[in-house]
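Scrolling down, you'll hit the structures one after another.
There are two complexes below, and they share chain A, which is joined by chain B in the first and by chain C in the second.
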Partner chain A sequence: MQSHFEYLRPSSTKEAVQMKIEFGQRAKYWAGGTDMTLRWRREIDRFSHCIDITYLTGLDNIEVEEDCIRIGALVSLSALERADQRHHLLKTLSDVTKLMCTPQTRTLATVGGNLSNASPAADLTPPFIAMDALAEITTEDGIRTVPMDQFFEGVNRTVVGDDLLSAIEIPLPESQHKVVKYHRIDRTIVDIALVNASTSLSADRSRTITRAGVALGAVAPIVIRSPAAERFLEGKSIDSVSESELEKVGEIASEDAKPISDVRASADYRRAMIKVMTARCIKDCIDELGGTIS
Partner chain B sequence: MRIRLNVNGNAIELESATDRTLADVLREELGLIGVRVSCSEGECGSCTILVDGQPMTSCMMLVNQGEGKEILTIEGLGTPEDLHPIQQAFIEEQGFQCAFCTPGFILSAKAFLEENPNPTEDEVAFAMSGNICRCGAYPYIVRSVLNAAEKLQAGSSN
Partner chain C sequence: MYKEFEFKSNDLAKAVPGVYGDVQDQVNGMKVVGHGFPVKDAVEKVTGSLKYAVDMTVQNMVHGKILRCPHAHARITKIDTSKAEALAGVIGVLTHHDVPQNDWEAAWFNYRGKVLDGVGRFVGDDLAAVAAVSEEVAQRAIELIDVEYEILAAVFDFEEARSPDAPQIRVEGNERDPYIVEWGDTSEGMALADHTVECDIFYHSQQYASIGRNAAIAEWMGDKVTLWTSSQTPTETRDGIHEALGIPLSKIRVMALPAGSSFGQWWSNNFMMIAVLLAKKVRRPVKIELDNEECMSAVKRRHLEKTRGLMGCTADGQLTVAKIDHLIDNGGYGFKDDVGFFCVDMWGKALHGHYAIHGINTNLLTAGCMRGVGDCTLGASVERMCNQLAEKVDMDPVEFRIKNQIKPGDELRMQHSRDNMHHDSVEEYLAAIPEEYRDEWPKPFHLLSGSTEEILRRGAKSFRWAERWNGWGKPSSVDGPRHRAVGVGTGAHVCGVEFEGNASAMVRLNPDGSLKVHCSVGRQGQGSETTQAQVAAEEMGLSLSMVEVETGDTDSCPWSHGSLASNTMFRVGWATREATRDAKRQLLEIAARDMFDNSDPADLAITDGQVHIKGSMSDSVSISEVLNMIRSDTLGQTSSITGRPAVPMPPSTTFARHFGAQFVEVEVDVDTGKIVLLDYLACQDSGTVINPQVLKNQVIGGAICGAGFAIYEHLVFDKETGAIKNANLLDYKLLRAADFPHKAEVLFGDSYDPVGPFGARGAGEAPIAASISAISQAVYNAIGVWVDLPMTPERLIRALGKV
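Showing the complex of A and B:
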């Protein structure tokens, strides 16, 4: 029987990478297949070799350590959804997954696939960037680590190349309380975000914001940070941010956004929503940290 | 390529091209036409099957990805003489009109009720959000799932 592609099932991550290197552009990794099925049927991706990575072992664990949370690339969205009790950062990620896909595609879809597909509207990308997460990439002879904000090159393009994204690590800095929040605008359930935003704040014992992460989605070809908004927040006390400063930081973020108008939303609308969502995310972060908006 | 599948408790070996979906093979090679294919894009949930107990859209799985797993389609649930309690509940509550989408709803409900045996109406609605009913029988479907929950609870306490 004639097939459009050959099916390969590597038995280790190393073998998977070797297969990818051997066939290069002609090969595609297949994880949950929830993006791949469409890209294959619509002939957006043409490939002669399909490397099924779903049978690889050891890539579907969530490990909560003292200094980091490690999420394997093959962790499904439904497994992430069920990890809500394991850490407060995972609680937010669990809530994010509930907005994604459908119950019976969340069982297939993986965290690594959501990131590797590199959609500017992907739901998991903004929280991971906001949390200063790191991509752990398996190469033929080892591992390299790339900060999530340097992982994306463009729409559907990442720095992974012929290597394999094996895990995502969220660092938990010592004696800091770190939180993350996410908001998105969509029309209905089972819809990708028209625009989305996530912020993460870390505070020390003196209730000072030591690190802020502000990530904006669907307002540029890749998910972007707003460094100006981050600097605005850092150094402030979680008890001293005022309503007008929340509004100000939203404005700063929306100035960093470079949205386009398309069928889903106008650029003006996206910019206006970035302002609102950034302020909401920060307010939610401050609430979770036990601070008060003055 | 030779492929070994375990479908509705039967071990099956068949020959298939590698670029076929599990949904297509279940329908066309095994005649399990209770696996309904409608949108082919993971949106409508008609092709929902249970793979190791988890609901999955079989239109987004390669046939090879069924290997080594327990696959359940609607044909493996109950018999006309001895319906599964969820099937019985859908009939009692008329949780369908044309019934094209019903196998997907029933299998989604099965996985959901195993995880949440005593759900609220809102929880049922959220759990069924990956299945589309073009006839719009949603209120009846929600009632069917709530009825099924009661039947299963009563069955397990006997």
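Showing the complex of A and C:
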């Protein structure tokens, strides 16, 4: 039977964190509620207190600064979708949100909620990890930041604890052009990813790849990086990557994948698709950087 | 000896698709039939005011929940309900000890068994039920029922279940007698063949996945019961209650409500019987509302199926032989043995044939008829083999179909061996047809009208098939990993059945000149409340707004099979028209006698509700004037006129089929396995189109449903327990509108059925079958490999040997 719970509405981020600390694991934050309602209905989550943070102010802005893009945790997926004109990285994120759930659900679902749900198949996680994004977490005493690739502990588990995820920051390194791309395998127009991948490349004025991020989803309990694939790309010119190197980097990434077989796809298929998607993401990144595949 | 009908072309269908009304009006003068009126419940649907069963409440109603079997096969040895009954808010508990041990049967062997008998035959089977003041309390009480089980051996594989050593699921044994259709001599057919192909294809199970779910509310008044539920088969549901409870049909009223969608799921279902019995026990109205998981894992599904067989043809593409063995898994309570003989008839020009169907029970969820039953599986196997033969003789698939598919006047063999005919042979059956009908009926066991030929030819032209088809197994274009190709597929189905009784309808012409039609059909989105009204309005000479249809109240609607087997327009529409004709005859007799100086009623006509001498609108009187005249006269004999069919409808399985031919262009990503549908043309031969908008919607809906089965849809059964692992819409993938080409076109065939209402035939099931075969063929042409269904990205990549 579904749990009964008390509804709490904090008036500040700090009060929200205090409530969470008071009730601990028995309490859940409520943002969009789109994942949480399902988990509650299916009795996966049983909680005694629901802390409704939807009324908190200041957490639903997207700020584009010179050195970073800051996305508030309560920014809805539909708001992120509409931010496509504000920055080319946001354009990619906007395209990613279009793949997520349905237009109706996107008006409720939030960026912070999607990350906090910590699904290994989440669509937004791979691009954030690939872009070296940081999670801004509000604690009772202040703020702590955690790199996105250290944010997840396991399926549906994060490092947030009794604190509150308040924003995601995407750093924009000086004098470099950073791009990000995403691919996934899905079935119908409304689906979650069977397997996904995102890559981000940063290039300097000499057209050298200074930083590569390769993130793989639904191939491990959490979204993982492929450090070997990143190292393979870093230092190369955006005009010198060949078709066979694209294939090679896909292979390297697929070796880092540790997929399982489940009702959606087999491990073998997931691993094979990591190769295809990683190569396609890198090709798309190089295209956007104005490079050429040799 | 049977009536020779002239095979006339149907001018209606020549109207430009998309231009309704004016053109057709000028063409053939019909004012209501053939026009694309909006469906009558459109406003209610879009404003959310239409009441489905889940929306219904009745006063003092309590809520029921069902205890479901946690085991694949188990007998209850002890059931203790005391803790559940002691829970505050619980009204009562129903177990198998409370249930009459009668077998009840759903239409066309979709269920046979007792309502509860203390045995669970699949994970999720109904075992007991609780009534309580709320769903939550009822669910809590379900958890408090203590059950001790004797675990029985289970079998999930339908081939294993055929073994005499297999666990027996039913007292009748696991396997039905095979249903066999044969003609000629298959060894002769083999000898004539220059080429043969074989198949061994397994089909996964499709789920109806009906959006909207269902509920059943039962209320007793004394010894009479009323059931509100969403159902396609109102009168068959009443029959089921009668069988389950053993009470007279006159004490049972089913109020069948619209279903969000159904595709065969909501006929008569066991949870409806549970609601009736639970309400009787607790002496309160009870509502059992199924949640989505129950709808997908505890009601029914399409069969798992397997085709093994061969087909052969001559060097010039004449089919010489079809020799096919087909297995279907009925799950726990299905009892079916005859899926898919429609393809037997569609490819009926094969010179020699032998088809055997074997129905087998397993400890899986009950399987039943889903839209295009058998057509989508056995039919798809036959289409694939025919494609392979056409490739061997290097023949275009359109031409191969035209050469080998049935035409009017050709023999129909599917019903030859049917037990329901109650005669030992076709000859005896024919001999038993009453003399007086022979002059009026079409020749039995021969196709009366329609075919795939015309829609294939016109469709191919419209789709520019000749330009776009690049040969067998050859894509029309390749762009990196993206291969594009076209495909064509065909499908056919009956136009209703007469196995359990003839269709009837009743109309009542009211004193104000309005008309009410009472006919037992479903309202699962196919527009029956509108199209039946169009038939009656056209026949009576009324505007559509003057006609309303009661489809679900079995206290007023005469018996019919309901909306199954593509029955609604052909058989019930026929009954609606005949009933209206009967009422019109009565009205005109009164009008002729009392208002037109004893003129001949045959000289009168009705236009827009005005009775007049044919050819002249002067001196016309309204229907209401005629009826009010006799009503205000105390010597008058009636105040309203009731009409019913004066003769039986001929057995339509012996002469009527409807046909679909569909063309598709796909793009296959050979690196990921994803299939995208790019372009679509669905051609449909259903005779006269009563409402082009409604039929277009139905044809596209069928094509999407078939595309879903072709690419994604399949239930995943747990290997250990048989439980369904994807009983949710996240992992059971239904295509949405956006997964289908936006510019999909529909083209209607040009045939006219001499028996059907205004020339119409059935419509609902050929489209799904044609879609599956078209997409399968297109994918083959794109990648050069046949992929078994569903062609999920992973299965496609595996077929290419890339994983």
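Note that the second predicted complex is superposed on the first by the 291 of 294 C-alpha atoms of A that agree within 3 Å, B and C clash if a C-alpha of one lies under 4 Å from a C-alpha of the other, contacts with A are read in each partner's own complex, and residues count from 1 in each chain.
Methods note: a residue touches a chain if its C-beta (ideal position, glycine included) is under 8 Å from a C-beta of that chain, and two chains touch if they have at least 3 such contacts.
These figures come from a predicted structure and were not determined experimentally.
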Contacts of A:266 with chain B and chain C, given as first, second, both or neither: second
Of chain C and chain B, partner touching more chain A residues: B
Which superposed partner A:7 touches (first chain B, second chain C, both, neither): first
First (chain B), second (chain C), both or neither touched by A:101: first
First, second, both or neither for A:189, with chain B first and chain C second: both
Touching partner for A:281 - first (chain B), second (chain C), both, neither: neither
Partner chain in contact with A:223 - chain B first, chain C second, else both or neither: neither
Common interface positions of chain A, toward chain B and toward chain C: 1-2, 189-190
Chain A partner contacts - residues on chain B that touch it in the complex: 1, 15-21, 40-43, 45, 48, 51, 54-57, 59-62, 64-65, 68, 108, 112, 127, 129-131
Chain B-facing residues of chain A, complex: 1-7, 9, 30, 32-34, 37-38, 41, 50, 52, 54-55, 78, 101-105, 107-108, 189-190
Of chain A, residues touching chain C in the complex: 1-2, 185, 187-192, 194, 263-266, 268-269, 272-273, 276-277
Chain C to chain A touching residues, read off their complex: 136, 139-140, 143, 671-672, 674, 711-712, 716, 725-726, 730-731, 733-736, 738-739, 792-794, 797-798, 802-803
